Structures are given as structure tokens and as C-alpha cells.
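Next come two complexes, and both contain subunit A; in the first it sits with subunit B, in the second with subunit C.
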Partner chain A sequence: MSLTVALSSARSSLMASGVQSSVISRNVAGLHQDGYSRKNALIVSQPGSGVYVSGIQRAASAGLFNNVVKAVSTSAQQDALYNGLQKIAAVTIDDPELDQSAAAQLAKLKSALQQYASAPNNVTFAQTAVTAAKGVATALNDATNTVQMTRADADAEMATSVNNINQLLAQFETVNTAIIKGTISGSDVTDYLDTRDNILSKLSQEVGITFATRANNDMVVYTDSGVTLFERTARSVTFDPTHSYTAGTTGNAVVIDGVPVTGANAIMPISSGKLAGLATLRDDKMVTYQNQLDEIARGVIEVFVEKDQTGAGGPDQTGLFTYAGGPGMPTTGAINVGLAGTIKVTDLVDQALGGNPSLVRDGGMNGASYVYNAGGEAGFFARIQGLVDGMAASRTYDPAALGKPSGSLVDFAGSSVSWLESQRKSVGDEATYSQTLLERSADALSNVNGVNMDDEMSFMLQVERTFSASSKLISTIDDMLKQLLMAVG
Partner chain B sequence: MSLYGVMRTGGSGMNAQSNKLATVADNIANVNTTGYKRASTEFSSLILRSGTGNYNSGSVETQVRYAISDPGTLNYTTSATDLAIQGNGFFIVSDSGGTPYLTRAGSFVPDGQGNLYNTAGYYLMGYNIKNGAAPDVVANGLGNLEVVNIAQQTLLGNPTTTAKLDGANLDSNAAITAGPPAYTSKTSLITYDNIGNPVKLDMYMFKTAANTWDVEIYNNADAAAGGGFPYGGPALSTQTFTFDVSATGKGRLDAASPTSMAFTIPGGSPFTLDMSNMTQVAADFQFKATTNGNAPSALDRVEVSSDGTMYSIFDDGTRLATYKIPLATVPSPDNLSPEVGNVYSISINSGNIQVDFAGNSGLGTIKPEALEASNVDLANELTAMIESQRSYTANSKVFQTGADLLDVLVNLKR
Partner chain C sequence: MATNFISSNSISTTLRISASKSQVAMSKAIKEATTGRLADVGEGLGALAGRDVTLRAELLDMGKLVDTNALVGARLDVAQERISQLIDTAQSFQKDLLAARNSANGGGIIAQPAASNLQSLLTTLNVAMDGQYLFGGINTGQEPMTSYEAGSPSKTAIDAAFTATFGFAPGAVGSESITPAAMENFLNNAFAAEFDDPAWGTNWSSASDQVMRSRISTTQTVDSSVSANDKAFRKLAMAYTMLSGLDLQSLNQGTFQAVTDKALLMVADSISDLASVGARLGTAQEQTTNATSRLKVQVDIVNRQVNAMEIVDPEEASVRVTSLKNQLEMSHALTAQIQRLSILNYL
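Up next is the complex of A and B:
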């Protein structure tokens, strides 16, 4: 029986070498493929009948993969936030030459008024002051538009992200079922496992996740806050996008499996992933910045207020700066949502519209009782000086705006700029840090499951030697049988 | 007389060698037959009683032996219904007439009705365990066995009856909630009703006081548009759990607290959710549970485990034990009588049949996707053939010499 056993052992070795070389070629092919993990054929010896391939194994590390998934989520969240802040900063504060910020425009207005105060009879100076005032209003309007557009963009990106999540979960279901079936029947599921890990990485980019493996390689996925995303079947992730934003608009929450996970009313709020970053941008950072703009607008309107000069106790009315709700004054001491979007310079001082710039000096934009320069003197500077002093005077601001609680208008506008800068800086640092962390985690994982070309090549030589030795054995056994047959003949 | 004896002896020797040659011929013919067991010949002498002065030659008697207990090597295949036995034992098969036989040839394929039969046309026998009952084994007989059929149960669903927590934690630092629609945490589980519809259960956790949690389970089908409260129907089950935060309990369920929730799934079966693993420690909320049951789905394929349990694997990945394939053995396997088609029947010398499962009482295990090759070794057979050829020639020489001597004797008289 020994010759036949030798023949069958050599044949089983050939078969095993065949499988091994196919695994090597899979590894080489997957060298640059994203998410590919090294495969390994498990060769088991069978007493009396050579060897057989008991299965294909995958080099993987659940712990390291978990780290990568977490890092991907954090990085995606910080990136989304950073990109949004960057967008705002680029349009409002970044270019000092353009003086786009409200703070710079306020400083300009202040110096124009000071100049006007030194020569109250100079109509050109009056005109310059009005132009500077227009600059302040435009800066506030533009910033409001940008902030609201950024919120709308974030909202649209959230809708895309939710679509992606639903698509990925549908793919996950298909792959997961294939893995369970393959695991139960003992077939090679390693490629499916790679695909599933890939889907998980993509999913973690959109939303922070945790996952666990159950019997038969079945996987369950939860958000980082514990809401079920996948358990036997995909859960629904819904989001109703809002297409246009104004300062007062509150965006809709993303709802996963019936639980709101973003926004102020979130019950189990997610803390990482692109979705979390976009939601923070839309519902928190941008709202705060808008509040600061609104507080600046309120301050400006209040500085340029016109008071009743007759002593009749008429109500305070808006002066140089007015807004959609003018000429009545905006609510004092609190944020007037959307004020920065509607603030404008009154038409009464605009020469192009038949106005008179000298009203800045004289007052009276709200009728005769509000005229400061009652004598009609050309050199009247008290009102202008009053305005300059008002701009420098300390005022209080709503602490909810997260700017300086008190200080001059220019100071507050400056604190708003530095708030945005510091946000951008800290988020930028976080983004860089989480990017580094991600790279390191990915490196660590790749050291475990990556394909090493040199390794594969030397392994291929080994397999080749085994293969030639086995074929040599077969031909030798064949010769021996031939000799035996010749002896019979 | 002894010269005639010499010729008879030579004849019996030639007869014995031709028997040997016949077994060699059969062995070589079946060198690649799955499950074939080598036949060999043993000889015993039949010597006549002789006096001291003379010798009467006797003859030789042929005994045919079968190496039935000698295992062949395993060849690996890709068919899940190719079965081999590693170790002792035989598959129980029956012919179309229902007569049982034993075999090691396990190359089974389904026929038109889904019955598994091997190359020689014998049907594989097994115990039906589809109803979930333990197989009813008759240790010394072949009762209760039926032909293994893999074509059935195209659509089959199982209602969910139990769920077990793999790990669940309620965040001990969560704030106390007022009750619906506010809640602390939510998760959901897919279960199946009696006819296989998925029923999604929404589970809400409410922290009502320190270390005290209410868990309410609702049917997701009753949820308000967009999910969540208010539900169209009452809670399916409500239970209050308390946790032991002492140094001994460390956040596990209090001894006095209930440990499970039991209710009937809408349209489904009574369901018990075992919550005994739930904890309340200072960690994030998590809820990982495994439920049984499956939706109706088509049969995808079958597989056989090493203990002989045949499973049906459905499209959604669940598997169901359908048959238990027993192994049989006899006290003296080599004395079984071979029948056509690599099967053996029980003979007087083999002893009685004993039936048990793979791995039990000295029986081997079943190896799927493998076949047992014939245990014939070609080199051995060829040498036996040469040997037998030479012996035959020698015997014929003895016969011829006897005949020649007789000739000489006859020619003495002219």
C-alpha cells in the first residue's frame, strides 16, 4: 500500500501548493488595494493521506481595526467642522487688505466720524462717514449671508451623508448575510470580511460607530451613542433637509431608528463622524457666530440712536443705522436674531437717493423733535462727538453670544473675530492631531494585516520548491511502478 | 497411488494460485473504486496422514480474506454530500427494496426526489430530527431510520422565542427622566412572528431614580410617523430593574430585581428576554443581544458535521439540523460478506450490528467533502501477481512431472 499512499501524498502536496500559490497571487494582487488584508492558506496534515487545505485565514486585528475606525470618525468630524469654520473665516476675517470684518469697518467708521467732528462743515467728510457706515452694514449683511449659506451647505452635506449611511447599511446587510452563510458552511469568507471592514470604515467616516461580532461572524453595529444601526437588518436613518436658512431657522435632526441623534433635542447624541461635525457646525458654531453678528448690529443701532430733543419724551428712534423693524429700536439687552442680516444705512443720508449726509451732524432723521443742531450751525460738532464717544463707550452684551460680556463696540467686534479664530485654531489642531492618530492607527493595522511583497516572493519560492519536489516524487514513483510492470511482462 | 496424489496436489496448487490471481485481478480493477476493500487469499494445507515409510501428498485450501477494517486514504472533493469515515464504522444504506446494507463508499448525490444515493445506487439512511426531537436510536437494530432527503423545506420560518444579552450596560451617570416621550436610551431588536414576518421591538430605558430603571418594549409598527412616541398601542412589556451598587454587586442587577422580560410577540410566540447580564456602571450605554428565529427563506445548501448531523442552510444564513446520520459496526468487520456495489451484509461470522453516532463508542468521525479511496496498493498487487504466476508455473511443473513419471511407468510394459 505504501507506493499508492506515497503517490496520493505527493498529489495532495501538489494540490496544497496550488492553493498556496493562488493565495500568494491574491495577496500580490491586493498589495495596493484599500482594505485588503493578507491571506494565508492553512495546511493541515492528515495521517496517512498527506496534507489538505483546511481553510483560508485572514491576518486581522480586531483591536487595531477598532482604533482605526474610531480615528476615522474623529478625523472626519474635525475635518467637517474645520472646513466650515475655514469657509466663514475666509469670507469674513481672513484678508486684512479687504477689511471684510465688521471690526475693521467699525474702526473705519470711527475714524471717519472723528475726521468729520474736526470739520463739521465739510460735506465731503460727511459723505465719507456715510460710506464708512455703509461699509459696516454691508460687512454685517455679507457675514450673515455667508453664515446662513454655510449652514445650508452643512444641511445639504448632512443629507448626502445620511444617504451614504443608508446605502452603506444596505450593502452591509448583503455582505453580512454572505459572511454568516459562508461561516456556517465553512467556505472562504475572507474577501467578504475585507469588504465588510471596508464598509465599516466608510460608515465610520459618516457617523461614529461601535460594533460587535456575534455567533457565526454576524455583526451588529451601533452609533457611538448606542443607537442601533444594524442588527439582523439595517435600521432606517432619516433626515429632512432644509434648503434655505435664515438666522432664525433651526435645522431638522437626523433620526436613527426613531431616536434623534443631532441638534439640541437629541436624546442619544452622536459625538463623532462627519455627521456630528456638520451638525455641530450647523446647530452650534454658526448659530453662535450669527448671535455675535446680531449683537454687533444691535450695538451699532443703539450707538446711533436718535433721542427726542424737545423733552416731550418721544420714543427713541433709529438714526444713521436702521433695520427691517425700524424706526423703532430693537429689543435692548438681548440678542435680536437676524438683526445683522437686515441692518442698513438709512436712505435719508444717501445723496444718490436724494438724502442729505449732513443729517449725521444735525440729527432729525425722525422728524423735527429729533434735531440735535437746533440752531443750524455749520460748525456743530457735539452730535458727531457724541457718536464717536458712544462707539468708544463700554456697553453690555448678551453672554449667550459668547463674546466679551462688556466693552466698546470695536472691542466686542474684535472679540468676535478672536472667537472665530480660536475656534478655527483649536479645531484645526484637533483635526491635525486626529489625522496623525488616524495615520498611526492605520500604519499599526497595516503592519499586522498588510501584504509584504518580499515576504510573498520568498514564500512563493518555497512553494515552488515544494511543488517541484512533489512532482519529482510522482515521477520517481511512476518509474518504480514501471519497473514493476516490466518485471511482470 | 502417490503419483496420482502428486498430480492432484499440483492441480490443487494451480487452483489455489488462480484464486489468488482472481483476487489480484479484482483488486487491480478496483484500485480507484471509492470505499473498495482489498480481497486477499490465505492458504491452508490439507496434508494427508502418512506412515513413516511413505508420503501421500495432500492439497492446499484457499481462504478468501477481506481487509474491510483497513482504512483507505482520504481524497478531498468539493461536494458537501461526499462523506468519508475516519476510523471505524459504516454508513447504513438501503437498496431500492429497503434491504439495509453497510458501506464505506460515501459519494452521495441527491436523486430526482432529493434522496441521497451513492455511486452504486444505495440510499443513505438517517434519523429524522427536523421536529427538534432527539433521534430515536435502536442500539442493536435499524429501526426508525429513513432515507435521507435534502429536497424538503423550501420555505421555513421559525418564530423567535428567546433572546439573550451578550452585553448590556445602562449609563449610571445618566440623568433621571420624566418618562415618555423623554427617555434615557433606546435600542431595537428584530424578532420574527409565527409566519416569519420581522417584528421590530423598540426598547426604551428610563432612569426613574438612582439605580432604578424602567424598561418598556413597544412594537415598532405602532410607532408615530418618523418613529418614536407616541405609540398607537400600549407597551408590550414593562419591567423595573434595580441595580446593586455595593462593593459586592458592582453595578450588577440587584438580587431582588427581575432578570427577564416575558411577553408574546405580536402575531408570534411567547418570548423571553433574558436580561440577567445587564449592568449599570459608569460607561456608555450599550445593548447587544442575540435573538433566535428566522424569516422564511429558501434552502441554500446542506452540510454535514463531523458528528453526522446534517444541517440545512437557508438563504438568510440560519441553519437547521435535519437528519442525524448514524454509523454502524459489527464485532468482526472483516467477516462481513461483500455484496455488489461496495456494500456489506451481516454474516454469521461478523456478529450483530451495533448502531451509534459518529465519535461515540469507538466509532470514527464523519469527514464531509472527502471520499475514502480504495485500500488497494498497486505495487503490492503486482508483486502478488508475479508471485502467483511463479507459483502457478511451479505447480504446473509438479503436475507435469507426475504425469511424466506416470508415462514412464506406463511405458515399462511393452
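Up next is the complex of A and C:
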């Protein structure tokens, strides 16, 4: 009988409206939730008996999501690198006006020596020169400490990052299993899918990833270099942190699924994500900068070398500047790893320790054979002038330090400043660009899968009208049935 | 649908990001407007930062050279002034000597001024500045000249040489009998040897032959002092000593005139030598002054280069602050407007 059919159609419409309004309230709840994607109730008409909800659909765009994930990785990598470089630049260079860099300290030493050369009898000038020399040694020591501390910090952050990755992969496994089960049984897995995407975008912050969906919504995740992070089960990501760093320390590699992905021996090195940025900072940039500091230290020690003055051919010995391996000279022509960390001004010129600053003028820090001022003249300027000339003279540096291959000490120290600042500038520019790219991609994705409050509200009105119309229908049909029954009865 | 759709999240995020970007840019612009320099010089210059640092090093270097040049210049001025005093004294002494040569008892007349001139020569050469003995060569820590007086090594040695030649001490009985030729022989050999090395170095002077050399610009060095061992001083000391130390009163007139002739020759010689010392110092003075003014020009140029790299136009920066302020205000106003724009207000 057709009245009963109309009644059941109206009833199915009421049911559908119920589901629709529940979907709307889910959408409203997820309005400002990151990673929430808009849900849609799929209403299908049932021939002869109204409508029914065939399923919940999720607004998503795999392509746009992929863009976001990539942008997140790149941005995280560059941020990690930039922050490290920023820290180093702030401590070792700061504003050039403040003359804090090793280059500026060297310039101060040179000018103090210049002043001393003009009046070699003046002990105050000698002390000024010694103080300036200490400034150079301290600047190099401090820079070394900061560099190594930055490496240790990066190492610790890598450990945290690896922890995060393992946790995220464990969560991923749970959610992925639920999705597979849900998909097979045909239940609503849209919220799980949101959660899984959310985990992916968190994962991409730590390490660059690619992913693919297989049958039953199963997902496999690889690093951007192709190492499997997840396939049916989470793969183990391991990292053995190193707590203290010196210039010669090589940090351990991060190993994913048995494959090293960072460091010099990486078989499949990752290229984005925070982990990649930290690894570059720890194993590459900071090592290069330390090499430059070590080359500056070698140059300084070599300029102030004391040579045997007797002609007996004694070995060259360290002079004003010495280091842990002194008084023998450091290996010439090559980077002496960690030299900048141990370079110091010899105690022999430190008045506070009973030393004599005039040794800068006279030489002889390595015994009588090394005395330059044989006549003991107060105005002996030749040694000091020689030191000033030595500081201005062009020297060669190990090209592996990536600074100028030759030039005066100040020039080389300046090229080190250039190297660091150009790294910082280019990484900074790239970070700004990838940040913008991330904002754009996230915006584009949000405009596809996000929720619009106004839209949901107007849809709500529509659902409300449908609901009241269906209710009205039911009561009308009820009236009609009643009249029919009365007519019959 | 997709092109027309915008999520509520996207609307608020866009506003939030634009406001926070404006704020970052504004704090940078404010710093630049107030300091007139780049907010982050290192990041602003990038690879040029090294050049900035080395230019600053050059500035420091040149500034210090200007300072030390002032010191060197003062040293040269004092030395120059002393040399011209010596020349003046020697010239007026020359006249007195000519007059004394032909007068009776000339020896007695000239001995007194000769002795006092010798004294003043030695004092002049012992002049010190900032604890540095200017004529000490590089041995600046020690008074270069020892005085000539009874018992001093120089006087003892000269008297001994005299005694060795003539058989008696200066002024002793028998001095009258010294012939001009014998005296000339003595003056040219045994006496002259007292003013040559090694006697000069042991008896008279502790100065070193090597003089102070100072860097006056990044490329130039000059001799910035004169050693008391210069031949001009030796000749002058020799002339004054032969007139004051040999007791000329006791000699016969012919021999006395032989001594004065020799002394006149030495004084004339030393005046011309002193003049050339003065000229040397003058050249160094001029070089120093020129170097200083050149350095000052260079400092200006390098300063300009540093400024060109680091400085931002404060006008431009403050205009930037104003426009960013407007932008930020607009973004706040828009946020408020858009937040009000909700369908809920109309339901």
C-alpha cells in the first residue's frame, strides 16, 4: 500500500538527516583541529523506499597532502640547520662592529704589536700585546667550545628525534591495522585515516618520507632515500647518542632497518627532515667550521714560531702561542684537528704568573739559543716588526678547510666569517622559502579538506528543513491513515 | 567547488601568519631605523661578511698606524730640533775659534767654550723621550754617552794616548816643545783612533749603530732615529775635545794653530755632516707626515666602504616601519571584521 511506502520513505529521510547532522557536528568539532578532514554522508536513493546512508566520505587530496609532507620535511631540515648556524654565528661573530670574531681579535693583536714595535722599550705596550694575544687564544678556545657544544646539542636532538620516530611508527602501526580491519569489514575508518595522516605529517617533521597506499587502505612508508620505515610492521630506528664532543669526535649514524642513513658512511642518506638537518650540522657544517678555526690556530702558532738563532739548527719551537702538544710545532700545511681548542698564550709572558712580557720583543721562550735580541737592547724592534710582518704576510692553508687557500691570517679568518655567514644566509633564505611553501601547501590542502563553518551551518539548515518536512509528512500520513481507519471503522 | 571553497581554518591562519610576519618585519625595521645599520649584519651580508670583517681590521690597523706615526713624528721632531741646536752652536763656535786662532793666549780663550760645548753635545745626545734615549740607536734603554771628565774612560784613554806619543801628560813641562808636525801626526792617528771604533764604543758611547726603524704605513718603513755613533757627532766631539782636553795654553803658538786648523776642519766637516743628518731626519719627518695624511684618506675611504655595506637608509627604514604599522593595523582590523562575519549572527 502506497501510504505505508510514503511513511517508510519519510522515515528513511529522518534517519538520513540524523546521520547528516551527526556528520555536521563532527565537522564543526573538527573546525580548528589540525589534520581534520571534512566528512560527508553519502546519501543514496533506494528505489521505492526513500534514501539511505551508504557511507561516510572524507574530503582529501593525496597530491596536496604529499606536497605538505614534503614541505614540512624540507622546512624542518632547514630550520634545524639554520638554528645551529645562527647560534654559532651569534657567539663567534655577532655584529662585526663588536669585534668579537677571531679575525677581529687577530687585527687587535696586530695593531697592539704595531704599537709595541714603535716603542719596544715600553712594557705597557708589551702587556697590551700579550693581552691582545690572550684575546686571540680565548676567541679560538671559546669558538671551539661553542662548535663542539652545538654538535653535542645536535646529537642529543637527534636522539630525541629518533625516539619520536619510533613512537610515531608504533602509533602508526596501531592505526594502520585498525584501518585495514575497518576497511575489510566496511566500517567508517575516516577518523582513523585522519589520524594516520596526522602521524605521517608529524613523522615527516623528523625525517623526509614517501608513502604509498595499497589494497585495503594499507600504507607503506619509506624515507626519502628509500629505506623502509613501515611495511605491515614498524621498522626499528636506532641511534647511539654521544654525550660529549671534542673536535676529533665522529658522531654515530642513525640506522633505520639496518641501513645507516646519516654520516659519511651512510648507504642511503636521508635528505630532509629535522634528522637530516641535525646530521648535516653535526657531521658537516660544524666540522668544517672547526677545521677553519684549527687552521687559524695553526697560522697563529706558525707566525709566532721561535727559530734557533745560534745557527746550530735546533728545531723550530712554539713562541708566544703554544698548545697542548707544544713546544714542538704543529704539523705544517694541514689541519691539526682540535688545535684551536688548546691554543694558549705561553705562561712565560704572563706577569701574573711571574712571566716577562718583554719576551715578545726578545724571544728566548725556548732557552738561550732562541734569543733574538742578543744585545739585550731595549729598542730591539726587529723581532716585533717581524711578527707584525708575519701576520700580514700571505700564508697557505689546507684547502679542505674551505676557506681562502692563501692570504694573511686576518684574510683567512675573514674568509671563515664569510663561509659561515653565507651558509647562514643561504640556509635562512631557503628556510624562509620552504616556510612559505609549507604555508601555501597547507593552505591549499586546508581549502580542499577543511571545514567551512558557514557552509556547515547552511547545510545544517537544509538538513533541518528536510527533517521538518519529513516529520510533517509523517504526521500528515498519520492523519490520513487515521481518517482511513475511521472511515473503515 | 574546490576553487570556490575556503576552510574557516585557512581564513584565520592566513590572517594570523600575515600579522606575525608583519611583526617580525617591523621589529627588524625598527632596529634598522634607530641604529641606521642592518638589523643582522652577518645574515644581511652573507658571503660579504668576511670582507666587512677584514675592512674593519684594516681600519684598526690604519688607525693604529696614525697613532704610532704621531709617536714617531714627535721623536723625529725632537731629534731634528736637537740637531739644529748642535749646528747653531758649532757655527758660532767656528767664529770664536777663528778669532782665537790668531790671538795671543788663544788656547786659554777657546778651551772654556770648547769644554762647555762638548758637555752640551753629550747632554744633547743623551736626550730621552718617554723613557727612550733618542740617540741610542736601538739600545734605547741606556744613556748613550758617558761624560768626558777627570777619571772618565774617554779622558783617561786620551791622556794615555797623549802620554804614549809625547812621553808626558797634556800640559806637563815640555809641552812647549811639541812641534806642529808631531802634533798633527798625533791628532791624525792616536787621537783620531779614540773617536773610531772600537775606542768610541768602549769609552764614549753605548749606542748601537743600528737605528730604530718604524713602520709608518702598511707598506713603508723609515729610520726613525739617529745613532750617537754617527760620524757627525764623532767629528764634533773630536773637535771640542782637542780644544778642551789637550791643555792648549801649554803649547807653542805654531802647534796651537796646527790644532785649531785641524779643529776648524773637523767642525766644518761635522756641520755639513750634521746638516745631512738633519736632512735625513727631515725626509723621515716628511714621509711620516705624508703617510699619516694618506692613511687618514684611506681610513675615510675604508670607512665609507664599511658604511656602504652595513648602513641602511634610516629614512627608508622608518618609512618601512610606518607602512608595516599600517599593514599590521589593517590586518588586526580585518581579523576583527572577519571574525564578526559569521552565519551564526544571522540564524
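Heads up, the rule we're going with is that the second predicted complex is superposed on the first by the 485 of 489 C-alpha atoms of A that agree within 3 Å, B and C clash if a C-alpha of one lies under 4 Å from a C-alpha of the other, contacts with A are read in each partner's own complex, and residues count from 1 in each chain.
Keep this in mind: contacts are C-beta pairs under 8 Å (C-beta built on N, C-alpha and C of every residue); 3 or more make two chains touch, one makes a residue touch a chain.
Predicted model, so just to flag it, every value in this text is computed and none were measured.
In the superposition on chain A, contact of A:V451 is made with subunit C only, not with subunit B. In the superposed model, A:S422 makes contact with subunit C only, not with subunit B. Contact with subunit C, but none with subunit B, is seen for A:S111 once the two complexes are overlaid on the shared chain. In the superposition on chain A, A:A103 makes contact with subunit C only, while subunit B stays out of contact range. Judged by the touch definition given at the top, the superposed model places A:D411 against subunit C, while subunit B stays out of reach. Residue contacts after overlaying the shared chain place A:L3 against subunit B, while subunit C stays out of touching range.
Ranking subunit B and subunit C by residues of subunit A touched puts C first.
Touched by subunit B in one complex and by subunit C in the other is not one residue of subunit A.
On the subunit C side of its complex with subunit A, the touching residues are 2, 5-10, 12-14, 17, 37, 41-54, 56-58, 60-61, 63-65, 67-68, 71-72, 130-132, 136-142, 208, 212-215, 218, 221, 310, 342-344, 347. Across the complex, subunit B is touched by residues 1-5, 8, 12, 15, 46, 48-50, 52, 177, 180-181, 184-186, 210, 212, 214-216, 218, 220, 222, 224-228, 231-233, 235-236, 238, 255, 257-259, 267-268, 480-481, 484-485, 487-488 of subunit A.
If you check the complex, the residues on subunit A that touch subunit C are 31-32, 38, 89, 93-97, 99, 101, 103-104, 106-108, 110-111, 114-115, 117-122, 375, 377-381, 385, 388, 392, 410-411, 413-422, 424-426, 428, 439, 442-443, 446-455, 457-458, 461. Those residues of subunit B that touch subunit A in the complex are listed here as 31, 71, 73-76, 80, 166-167, 182-190, 198, 202, 220, 223, 226-228, 284-288, 290-291, 300-301, 303, 311, 313, 315-317, 319, 373, 375-380, 382-383, 385-386, 389.
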